[in-house]
Amino acid sequence: MIIVMQHQATAAQIAAVVARVEAVGYRASLIKGEERTVIGVIGDDRPIDREQFEALDGVEKTVPILKPFKLASREMHPADTLVSLDGIKVGGPRLVVIAGPCSVESRSQILETALAVKEAGATALRGGAFKPRTSPYSFQGLGEEGLQYLAEARDMTGLPIVTEAMSEEQVTLVARYADVIQIGARNMQNYDLLRAAGKADKPVLLKRGMMSTIEELLMSAEYILAGGNSRVMLCERGIRTFERYTRNTTDINAIPVIKQLTHLPVLLDPSHGTGKWEYVIPVARAAIAAGADGLLVEVHPNPVEALSDGAQSLKPEKFAQLVREVRRIAEAVNRTV
Amino acid sequence: MIIVMQHQATAAQIAAVVARVEAVGYRASLIKGEERTVIGVIGDDRPIDREQFEALDGVEKTVPILKPFKLASREMHPADTLVSLDGIKVGGPRLVVIAGPCSVESRSQILETALAVKEAGATALRGGAFKPRTSPYSFQGLGEEGLQYLAEARDMTGLPIVTEAMSEEQVTLVARYADVIQIGARNMQNYDLLRAAGKADKPVLLKRGMMSTIEELLMSAEYILAGGNSRVMLCERGIRTFERYTRNTTDINAIPVIKQLTHLPVLLDPSHGTGKWEYVIPVARAAIAAGADGLLVEVHPNPVEALSDGAQSLKPEKFAQLVREVRRIAEAVNRTV
Amino acid sequence: MIIVMQHQATAAQIAAVVARVEAVGYRASLIKGEERTVIGVIGDDRPIDREQFEALDGVEKTVPILKPFKLASREMHPADTLVSLDGIKVGGPRLVVIAGPCSVESRSQILETALAVKEAGATALRGGAFKPRTSPYSFQGLGEEGLQYLAEARDMTGLPIVTEAMSEEQVTLVARYADVIQIGARNMQNYDLLRAAGKADKPVLLKRGMMSTIEELLMSAEYILAGGNSRVMLCERGIRTFERYTRNTTDINAIPVIKQLTHLPVLLDPSHGTGKWEYVIPVARAAIAAGADGLLVEVHPNPVEALSDGAQSLKPEKFAQLVREVRRIAEAVNRTV
Amino acid sequence: MIIVMQHQATAAQIAAVVARVEAVGYRASLIKGEERTVIGVIGDDRPIDREQFEALDGVEKTVPILKPFKLASREMHPADTLVSLDGIKVGGPRLVVIAGPCSVESRSQILETALAVKEAGATALRGGAFKPRTSPYSFQGLGEEGLQYLAEARDMTGLPIVTEAMSEEQVTLVARYADVIQIGARNMQNYDLLRAAGKADKPVLLKRGMMSTIEELLMSAEYILAGGNSRVMLCERGIRTFERYTRNTTDINAIPVIKQLTHLPVLLDPSHGTGKWEYVIPVARAAIAAGADGLLVEVHPNPVEALSDGAQSLKPEKFAQLVREVRRIAEAVNRTV
């Protein structure tokens, strides 16, 4: 950490900051510039509370030097983490394509979709049994019944299952049925949930919050890793900006940034990233071109009847086209679908 | 709802949309403009899923006409809701000033602060026993022990207690000790938590998420109201923008907007809204000038030792100055502290 | 400036950075932390190009220590700058209230408005003769004819005139008729215009761009100050965020931040800040409570006929109410209107 | 346009709005819903001023139905516009790759870079002679001397020249030397400049403002098209968001959105889109995968010595790698470099 003193800070104020730095066990190294003094704090660790120092008289600001995440950091763990998912090693050369409806709506809907996405080339099935909905009057998911249908779809198709848990108890329940526990964007900073996921014995798919920085995403991954679960996959799904033609703004920069900062695999969800099915295929291609390790795509056999996210869901034939086009991009970056 | 057809939509596509509107029980009213057709949907209610219609061929977009919230809406409930808090009717002419530390750190810290803020003119005490922290390595709160100290502080000072619950179970626990259950910005869309708060028999202070719209805040209030708890207070606490000199951008516009859209009282938190103690007093004055029903302010007897939010905490003497200055503004808008 | 080296930076890379620092005439001071090395650059001045150093091998990032503005900085110029405007010293205890229509539409419209705002308590008249409009099909202003009507309105009422210039040549023209040259939000980073304003012998009202940080606003002020014109007034007018109930988000935090960073006066424009007339009065009160030195308000005798900004314009009687309410807030912060 | 009346609007208020609609020459079509009345305005054209109607009593809001741009719209002009640039038809199957330094710094620098990018596969040369700089103390460009060096570089390499004009007069000067007039992000809403570009007889490269919506970008294109210049190329270059690891957030969604809304070609600038050279290649690949018609890339022979944008500039050998990788992606989407 670096502490920048105010222009008019007194010698006594500087001495007090140094004393405080040493009192909490670090060493202080002063740089006296022409206009102001800067104090380097040596030996501090990530959990340091910079705000305490900002509250001292004469301090203008503090600047972190170390990244706040450790276990998630590529500096501490240079080799790529590969997460096994039914034969695919996510993060390796073969891409994972997780497809399915936003919500499990009925047994027939999920079985029909599972067969269709399997045939089109999906490597895992997604579908929500528990749904976070903005309105209390909207469909809230089938709950455990939905999980049972998902399990049946896996038995029928062999596709591993990815589904969301929204609370500590749901983690246990979801882990019983599913192959991957998804933590949704709205829950990215639900710390009790993250801790529960850290104790689960299933891989976790952690989606970036629509209002969260990449650093916050990695801090949330850190919670899961610190809890003992090292099988974490990240997912960029669009952030909230001022642009209104699309539901969110897909942060394509996030793909190379995340690959540089962490060893964990990263997927991209072009359905939420754009919010309109017409834009899903080009953005899926872009994700793979940018280096993403896979995709999370909403597919519904009949979007007009979908109980949620109809406007951003692909019909199965469009999804088949997506897989074909993405396969060509994958080859161009030396990967496979 | 209004459905806007594409420029090149065919008569058959328009007919299919009308048929769909009628099939789900509404009436359709067509406006044929020179460049495109618009379909008014009559009889639809708030839970309508606009996305299903957007998935129909030839539809360009849909536009909601009704606001998605009902119980929270001033249209449905024109009179101001007053929430009783130990003698103050929040939402009435007397302002509520809730002050205290970010976290309860020790018995002596909270008792000392309670006495100080009481003397300076606070009308309620805040302090977190359960803390959502970005880093798994940061102080996470004292838990139930913290709630006990808060209760002791209330016994000593007579100040009602406001404290945060982060999960369903914590709602029950917090409700046992506190006078107001706070739902924090990161949990504004934790729907299980909102449902639990809807069943609690204590007032709820619902903070706006840092990248949530005003409409989403009111939809979250709707969850609590729909659950049966009508004692909801809202709190603006700053939103995330591109500006970097402050931690958040206080959305002062939100005060008159919220007062117009809903009958619920609205407070403002200038500590999180700015993130730096130097700016807290002017923004507190602005909040009351804009029509807020009260303030939520972080006060710490020794910010340099604070385990969280030191940089934005006022010392007790600064808080006393805040109350004095806010009192003069309150008089200028015909209210009292 | 501080240069943060990468975790894995080699001794040779560190030496090369130090050599480069010294080659351009500064001194380097090393802090060797446990995980990485930080290099303090001493003697650098504001125009330093940090990007050159970021392009060196082994450098992770650079961190500025000095603020990039100098003449605009309160550190270099601690006393408040007062800008004389027809008897009012803007930045002093008496507030300035600049009111009038978005556009000068006709002789009668501007004369009628001038009389009305004068009677209601305005201390200057605003009105655009040159209008930046998003659409090429919208009214673009009366040009010099509008300036003549403004001058006539000044002769009739004694109110000084504030009007916008959008290019170098317009600066000369506007300076001939007006008392204050306004630089609009869309032109905040039109550097040729800023340089022209720096050579003008009239005060300048510089509006913050809707996409600009406070630091960028102060850098644009620096252009004008560096050109030799020290009579600069700043104006916060709302920034673009994700919130959609209002046209912009008034950054109320900007008022105390700007007062702390610079010696220049700062006004607030609640009309653009909110975009809806219903919210203008409460936000005007908030601005003064937060410490603004004045207001810029859109007033139109008949908003329904306004050729621009009708929805955010106050009728004269509402403006009179604004002045009455703001006067009470001004007294509460020891100022006058 | 649709006018939504307030819930409590009276019959007289509705009648007054209808009368106003008819008075300005349109027809009104009423839809009486259960909770509120909606008025469709028929026969209105794009330049309609919605704000006038929002200022009427009883009106809650207005909703545009037609897009505000006309000449830029694909609805009015379904076929792709191809802009000829020295043999390449930009917008057709062959991609354009425009590369070069941020600023022309010296004769040798631009000649050296021109040869290097030509050899690596660039199809046009970029370089700024007039530079918009945030700080008045930074290098502001060589002016006309820079244009002469660019012309010399063209003579030597055969590469057409793309360079920025920042004011009306510069348009004339730049058009004399360059093959394409660039309008930079900060000037996207400099309407005098757009009008001048509309009268120029050279193609225009219009960059999206960093906090401008796609709709605003198309409205600015509309200015140029309405002025008579139909050779407009658009360029996405990243928008300003809350994310801080990158300088801007590349809006990859904008590529398919723009291709759908307009017939004009669209390029992407991964250098400004990311702000760090490490991320430029993956984002360039993503741009082409998403359907962009070309790239604008900053290349500098020695980024450490660059007078601007060093951190985001590629060295020539890295640029050669970019072209190789982009070529493979281009083939995967049936295009060529």
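Labels A, B, C and D are assigned to the chains in the order they are written; within every chain, residues are numbered from 1.
The rule is short, and it goes like this: contacts are C-beta pairs under 8 Å (C-beta built on N, C-alpha and C of every residue); 3 or more make two chains touch, one makes a residue touch a chain.
Please read these numbers as outputs of a predicted model, since none were measured by experiment.
A.B. asks: Provide the labels of all chains in contact with chain A and in contact with chain B.
C.D. replies: Both-contact set = C, D.
A.B. asks: More C-beta pairs touching across which pair, A-D or A-C?
C.D. replies: Top pair by contacting C-beta pairs is A-D.
A.B. asks: Return the chain whose centre of C-alpha atoms lies at maximal distance from the corresponding centre of chain A.
C.D. replies: Of all the other chains, the one whose centre lies farthest from chain A is C.
A.B. asks: Could you work out how far the Cα centre of chain A sits from that of chain D, in whole Å?
C.D. replies: Measuring from centre to centre gives 31 Å for this pair.
A.B. asks: Nearest whole angstrom, what separates the Cα centre of chain C from the Cα centre of chain D?
C.D. replies: A distance of 26 Å separates the two centres.
A.B. asks: On a C-alpha centroid basis, what's the spacing between chain A and chain C, in Å?
C.D. replies: Those two chain centres are 38 Å apart.
A.B. asks: Identify all positions of chain C at which a residue touches two or more other chains, and write them in rising order.
C.D. replies: Answer for chain C, listing residues that touch two or more other chains: 211, 240-242.
A.B. asks: Touching residues of chain D toward chain C in the complex: what are they?
C.D. replies: Against chain C, the touching part of chain D is residues 20, 46-47, 49-56, 68, 132-138, 140, 166-168, 186-187, 189-192, 209-212, 216, 219, 222-223, 226-227, 240, 277, 303-313.
A.B. asks: Would you mind writing out the residues of chain A in touch with chain D in their complex?
C.D. replies: Touch list, chain A to chain D: 211, 213-215, 239, 241-246, 249-257, 260-261, 273-274, 278-279, 282-283, 285-291, 325, 328-329, 331-333.
A.B. asks: Which stretch or stretches of chain A touch chain C in the complex?
C.D. replies: So the residues of chain A in touch with chain C come to 2, 4, 7-8, 29, 31-36, 38, 40, 42-43, 63, 65-66, 75, 240-242.
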